[in-house]
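As structure tokens, here come the structures.
Each of the two complexes below includes chain A, the first together with chain B, the second together with chain C.
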Partner chain A sequence: MATAKNARHHVVIGSGVSGSQAADTLREREPDARVTILTLSSLLFYNRYDLPKVFRGHRDWREFLAYPAEYYKDHRIEVRRCSRVAGVDGPRRTITLEHKEEIRFDTLLVASGGRGYLPEELAEFRPLMHPFASYTEAVTAASLVPDRGHVIMLGGDMIGLDLARTLIDTRHRVTLVAGAQTFWPHEVSDEERPGLIAALEKMGVEVIESHDAGGIATIEQGAKGLSARRVLFKDGTELHGDVVMPFFGLSPSVEFMLGSGTDIERGLLVNPALRTTCEGIYAAGDVCQIWSDAEKRYRFFYGWKNVRAMGDLAARNITGGDEPWVPAQDEKLHIGSDGKIQSPFWEYH
Partner chain B sequence: MGEIKPPSAAPGAAPEQREYLSDDPRDIGWVKQNVPCQAACPAGTNVPVYIREIIERQFGRSYETNREANVLPGILGRICSRPCESQCRHGWPGNGEPVAICHLKRVAADMKDAGHRITESLYSPTGKRVAIVGAGPAGVAAAHDLSLLGHDVVIFEREERPGGMLRYGIPEFRLPRDTLDIELHNALRLGVQIRTGAEIGNGEGRIPMAKLEKEFDAVLLATGCMAASPLPLQGDWEKRELRGIKGVEYGLDFLVQMHRGVKKTVGRRVAVVGAGFTALDCARVAARLGAQEVTIHIRTAEEYIPVTQEEIFEAKREGVRIKGLRTPVRLTAEGNRLTGIQFVQNRLGGWRAGGRRQAIPIEGSEFHEPCDTIIIAIGQQTVNDFLGTKLELDRWGNVRVGEDGMTSHKGIFAAGDYVNGASTVIQAVGHGRQVAKRIDAWLMGRERRKQVVRIVPVAQPLRERAFDFIPRQHMPTAPMDERMKDGDHEVELGLDDKLAFEEAKRCYLCNLRYQIDVDRCIFCRACIEVAPRNCIKLVHGVEVQEDGAYGRLLETKEWNQVGAIWIDNNECIRCGQCYKACPVQCISISRCELTEVEV
Partner chain C sequence: MATDIQISIIGSAGDGTIAAGDILRNAFAGMGYKVISFDVYPPEIRGFGKCIARMRITTEQAYSLKHKSDVMVSLDDSHAIPHAGELRDCGAMIYEQGSIVRLPEGGHMSAHVGPGQLPYPLPIRELSEKSTGANRSRNIVVLGFIAGLFNLPAEGFRKAIGKKFRSKAAAAEASEAAFKAGLDYAAKTFKLDDVVFGPPVSSVVAGSTVEMINGNAAIVRGALDAGIDTFFGYPITPATSIMERLASEMPKRGGRLLQTEDEISAISAVVGAGFTGARAATSTSGPGLSLMAEMLGMGVIGEVPSVVFVSQRGGPSTGMPTKTEQSDLHMAVYGGHGDAPRIVIAPTNVDGCYRCGGKAFEMAEAYQTPVIVLIDLYLSNRYETVVFPARPPFEADMNRKPGKQAAAAPYKRYALTADHVSPRSVPGEKGGMHVVTGLEHNELGRPNDSAELHTAMSRKRHEKLKAALRHPDFTHFKRFGDEGPVDVGLVAWGSTFGECLEAMLKARGEGIRCAAMKVVMLSPFPTHGVSAFLADCKEVLVPELNYEGQFANLLQANVARQVTRLARVPGEPMKVEEILEEIRRLAGRGKSAQKAA
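On to the complex of A and B.
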């Protein structure tokens, strides 16, 4: 079915949870509109929180897809994969892709999520680390860890700790170098922390508090015949492992929005209806910082339920709605009666 | 030296076969429009020429080219705010990242021969005496030029050593003091007398302004912005004096004292308030003094901090964190010891005059953050009480100067931050030079130098198309343990020979003017076919601007209207493809550079 003449063109940047949900809602609410998703990803939308499965031997990408390919055809959602948005001109309502193509939009939803944050002091060791944010990265990391191999996990956000659960379960050894970002995105008080760390240790994770060891001095390639990676601390402590995986939370992917006419602090700043400061441009998911009337500050809301609800809300507001954001999930991290850590962040099964 | 060419040259006329000087406003206008880095540099540095000299490995010459505009290349090659780079054609949409103009300046300074000799020609002595107050970059640049012009110059500086904020503000890990000393020495070597420890002012041990006015033919005030702006707080804190509270520091004073040799310490948790050079430097110094947690609190967002991205990144590598959208409203203290800061949350507002982003506080959004030390670095102001004579000020409290650089008081001139408010080193240098020229004109009763364009035919394109795809080369930096161990260790190590050569090749050499001789053109369109951009246009005319420079091209697609085939030098990236493709060699290249001649 062709798109009606004069129909609006809704463009969504990002094919993650929020972008995909938004496209779905946009299609449902405006059957005649043109809906386009632009994404860097080479795969269609897949659930990233399923990625620990690669360590259980699931390596076929088809298993991870959220919808069959026909879904996009049936819903007339155009997905442009491997397309990097390089810039957005808000007043002119145009997007420039990296290869210089310009795309006009009537409304734009930025759902570009976040990428793994690496503290700047560790930036020089980036080539020696293995991130875990995409299917390809997960497969690469998994292929480097032998049976019962040893993973050194830096930071230990909830994405990493989720993977740690799988790793322990599959009889790998995990050493966590804990720091300020451990348990991200949960904010953990000084009183709660020791109990949570103890729970991790009980789970089988070996924990080193980075601060107690003076911080990381260097990360090196292991010598021949030894483990592939060596982490040295300032107090002389050494760790040897097969891979070093950074898990320091996410930082919003906003660089292409600089100069677009939208306000940015760390993420795109939006009002409770998810509108940015530039007309016609909305944001949802990990990329946006929403004004919270209750807390009187801009803040991020993480977790897959939140992110999906944001995508849905933005699409409804783009198509005539005017509803405010209401968080869709609880944020509390706690230790269950079985002594295990429980987080709403992990409740996706 | 060539002769001055009378204004002529209709659009597309055949260029001359030899070098000549032109004072045709169209040629001067062409350079100003087409060499954006030079136009953006407050000192007017001839960037493409010095970069070309680096490609030719003539580092000494490259250094001298720099020095013609700016007497402190080794210094600016390290700490310049780089207004040129944000205008560089290589950074225009679709062209990639700007050329590392500043890093290349450092290359010229660092790689010149150890025995490099400075070349400068002197005017004969005029017998006129000029006093300069302040040995910061503005005072030094002016002193240099005035002494070159034959005047007798004495600088009065209240600190023990010259340099102004270069020495007492900017930390050594960004600007090694041997580089500073050598360049200051070379700038002042032509007979400038410098009296340090000599404060102009009223009262005990100071030299009154009246004395200078009596003994000199002209006085130049270049005293910078020496007072840290106070932190505006609310409620019971509004009127409270902060200086006595343990844990409260003013950033400017903190650095000045440290550089005078006072041992400074900070607490475990340091909060820096402010978003400029001083704030960043204070935070990085605090990290070196052993603070565990250093956070810079800013009113708007990181995007609007007026320091380079590289510097922000290096500060973060050293452990400094930046938090946005907050303004301090109160401090908290136990007895006389600071315990924290209460902030109010902001949202971003419109733009303030001067291109700064506004922050609007949100009512009822106060929150508290604990800290042991606060370093206040929200700005600097001029101090005028040393004058004795009343000078007219503008509404920001800066001294008002006329077109001729003179204050409301005859014979007293002013330059640098003292006039412009806290700005940048290159702006101070540029302004110092500009005012020196005005002082010279005033003392001598006429302008002695004027601007012309030197036009030099170039036999072939100086670039390869492949150069356009070289990525910007990154500055190597010192390993973290070295820089933190010895707080003065220079962080940026400088581009090595190979990196420098790669980076220099990236420059388009915007001073090259590609022109088509329409009379010889056979309209084969070969050039258009090989052009990488929409740079060669079929036009039916060209607008001429008020100053006589060429303006907008009037393009046409109709063949019967084509009056000329015209290279749009604004679009042109000097790749040389068209030159190589033209079967009848009707494309010519000339190098156009601004220079000064005696009149």
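On to the complex of A and C.
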């Protein structure tokens, strides 16, 4: 793609909402620059909050794309799909991809989001579970659940509960094995929790309240002729379902930033302008912890609107701005007058 | 559901690109699909040049390769990257996910997969090494992946692989393991592209057989079915495989083949063998044809049946030996000294190669003259599924025998007859003794250079060929598309006709009244039939692969008609899109027409 001589090369790691918004803003504010997105995904950017639609019969990935392929051509945004970043050398301004290709950048925005967290005690059962974090995972899971099938949901973060709403609406059976991560990323007090659980039950979700990773002893392949999965609890009870889906919140994808010259706690640490401790490197979205002057700590800000606003802000600051982060949505979970759970996390547009 | 899928495999010499293509097209043909395929090799015999195997797999008959592929495989990114744009949107790009060396920016296929295309990075090397202990079977891993991803019957692939490695047990075993590794990997891969193979459609008539062969092999089969018994030749790309195949087939049938020291020797021996009554031929390319020019003249004046198969390549001189071109038409039709008319026929597809390969011997005998069968590298190397009839459609003997000679009357080898063809005797036939010389001669063959005789003999040599325009069971020219008056008519020859036919069909799909005529007999020119077609055409387009428009020259020498030339020398087949764009412009449609306006 033709770019002006001496034009800067802005590289964005991540084609999620944060990275995609950043690329759009970078292009708009610096028309001559070269903008490259690196992503693990084999698809162009799609809105993940749309994924529950797979249970309503929408299976064609083209329906999910946020922009058509022409958008990237017209906006001269290079998207390198299936390209895993293996390491970043901040001082040399060089990225190394897993396939040993080196990419030079002038500025780097890390918007690598997070991947589904799985409590250690459940790790051995990973092959028997069906995550729901990408289009392919969503379609795979949906194809395994028959009409009126039974989904066993572990954890129950807000992503999972959003899916549960669709599953109930499409006449599937949902059993939630609730635990510490239920309602993640909302922080729910002990007083609020029973009311919220009751609201879930009213919604049609069968809830098994438990502790430490749901009190699960083992997950097994169902026997021939029976349900596909069997979940055995420590108290001796068991549950049969078509799929077991883990929803324990997200943990930031930062491993490739180790040794990059940036500070990392759980996520990438950034100042309110979203700059990391390494010059020229910024972070936005689920991957970053932003310094909060009010709370005197680095903290995550989740939710669709927040991560999009972060991408936009980082791009503005990369291109000469110097604005601080202001959250784009509130974080409170509550029960509406209709008795239904209401979350800013579920306000998509 | 109609299937129309094109697969390209691109790699470096040594990657097994062409071998993979070969297995793949045999597998598809074996499953009952129609296949057209064309490989590109590097000019270097050994080294790291680019190899491309392209094939179009269809249920309806296709006539050319498509401009864009539906599936592209990179076995070597440095060669495949420049072709990444030739994969259509929503098509599958299959490539090696890793690298064993550091790569500069942009040195990996992932940097070039367009936003509309779908990436399938595979650990090809790793799968090959794990399954076979070596990386040599990377090409077969990819075949396994293709079989799995597109849900194709693995058995069909296994059969084709088994055939390829029939005599190499170790390679066959490794290939099976590599194939399975690719197949298993595909089972874990989420299919995102929209490439779908429908069931094959069989249209084979009882008794006939279907085979997937290339143009050179079809020429050989035609020659063998027509009873070729003698061959002299000297190897040259892209004609070499004609000689190679004949070398292994002819001895089995009692025939003789000799590799001579050069092309002059080869054609001289062919004319000599023809004189003795043999069905004799040689094969060459443009540079060799130049060397044969003098002896072809001898064949003309001596009225000796002889057949020359010519596969054209980029010229002049050594030119571009591994690139295709249609630039020897002038040489074939006119090349040589004196008034030396000869028959030149140019098939337009692989089936045509078979027919022309056999019919050439009939014509050489029937009209007692050299016959050139003119193809090009594209057709030589192009594979198609061909339906072969149960019985070869060729006459075993078309000689006009002299019959019993009156004892006293001397035998007139060059008797002036009503249809200008003289009774022909071959050495050893009683009463048929005569002289054959390169000198102008009288009816007995004795040297004579009188004005009257030279005029009469020149007329004889020219006029007798006209009957070839009515040679039985031979398609001299054929019209396709709309009947009656059309806005645009295409006239084409040789390998380019396939692209013209596709372009014409697409133009008709866009509502343009359009027709296309293929001209197989180039010399003598079928003026009557072509004129009738041109009379129906408001505009005439002549696409061909040479710089001047050599066929357009030939056409206009025979028919007074303004034509639009689309003459290109890219070294590769003409693009259907380019022809279509020109049709649109001539029909006053589309972008280019608007631009011109």
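Rule of thumb we're sticking to: the second predicted complex is superposed on the first by the 344 of 349 C-alpha atoms of A that agree within 3 Å, B and C clash if a C-alpha of one lies under 4 Å from a C-alpha of the other, contacts with A are read in each partner's own complex, and residues count from 1 in each chain.
Following the convention adopted for this analysis, a contact is a pair of C-beta atoms (placed from the backbone, for glycine too) under 8 Å apart; a residue touches a chain by one contact, two chains touch by 3 or more.
Just so we're clear, the structure is a prediction, and the values are computed from it rather than from any experiment.
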Query raised in the report: Superposed on chain A, are chain B and chain C clashing or fitting side by side?
Result: fit
Query raised in the report: Counting residues of chain A in contact, which comes out ahead: chain B or chain C?
Result: C
Report task. Examine A:D330 and indicate which partner it touches, taking first as chain B and second as chain C; both and neither are also allowed. Result -> neither
**Report entry** chain B versus chain C as contact partner of A:E120, first or second or both or neither
**Finding:** first
Query - First, second, both or neither for A:L269, with chain B first and chain C second - result: first
Query raised in the report: Touch check for A:K100: first (chain B), second (chain C), both, or neither?
Result: both
Requested in this report: For A:E347, decide between first (touching chain B), second (touching chain C), both and neither.
Outcome: neither
Requested in this report: Once the structures are superposed on A, label A:A217 by its partner contacts, choosing first (chain B), second (chain C), both or neither.
Outcome: first
**Report entry** Partner chain in contact with A:E28 - chain B first, chain C second, else both or neither
**Finding:** neither
Query raised in the report: Looking at the overlay, what does A:T277 touch: chain B (first), chain C (second), both, or neither?
Result: first
Query raised in the report: Which partner does A:E209 contact after superposing on A: first (chain B), second (chain C), both, neither?
Result: neither
**Report entry** Superposition-derived minimum Cα distance between chain C and chain B (Å)
**Finding:** 7
Query raised in the report: Of all the chain A residues, which ones make contact with chain B and with chain C?
Result: 100
Query raised in the report: Tell me, which parts of chain B touch chain A in their complex?
Result: 93-94, 301-303, 313, 316-319, 324-325, 345, 347-348, 362, 364-365, 367, 480-481
Report task. In the complex, go through chain A and note every residue touching chain B. Result -> 87, 96, 100, 119-121, 123-124, 217, 258, 263-266, 269, 277, 291, 296-298
Requested in this report: Over in the complex, which chain C residues touch chain A? Could you list them?
Outcome: 89, 97-108, 110-111, 113-116, 118-121, 190, 192
Query raised in the report: Can you list the chain A residues touching chain C in their complex?
Result: 42-44, 61, 69-70, 72-73, 78-83, 97-104, 136, 139-140
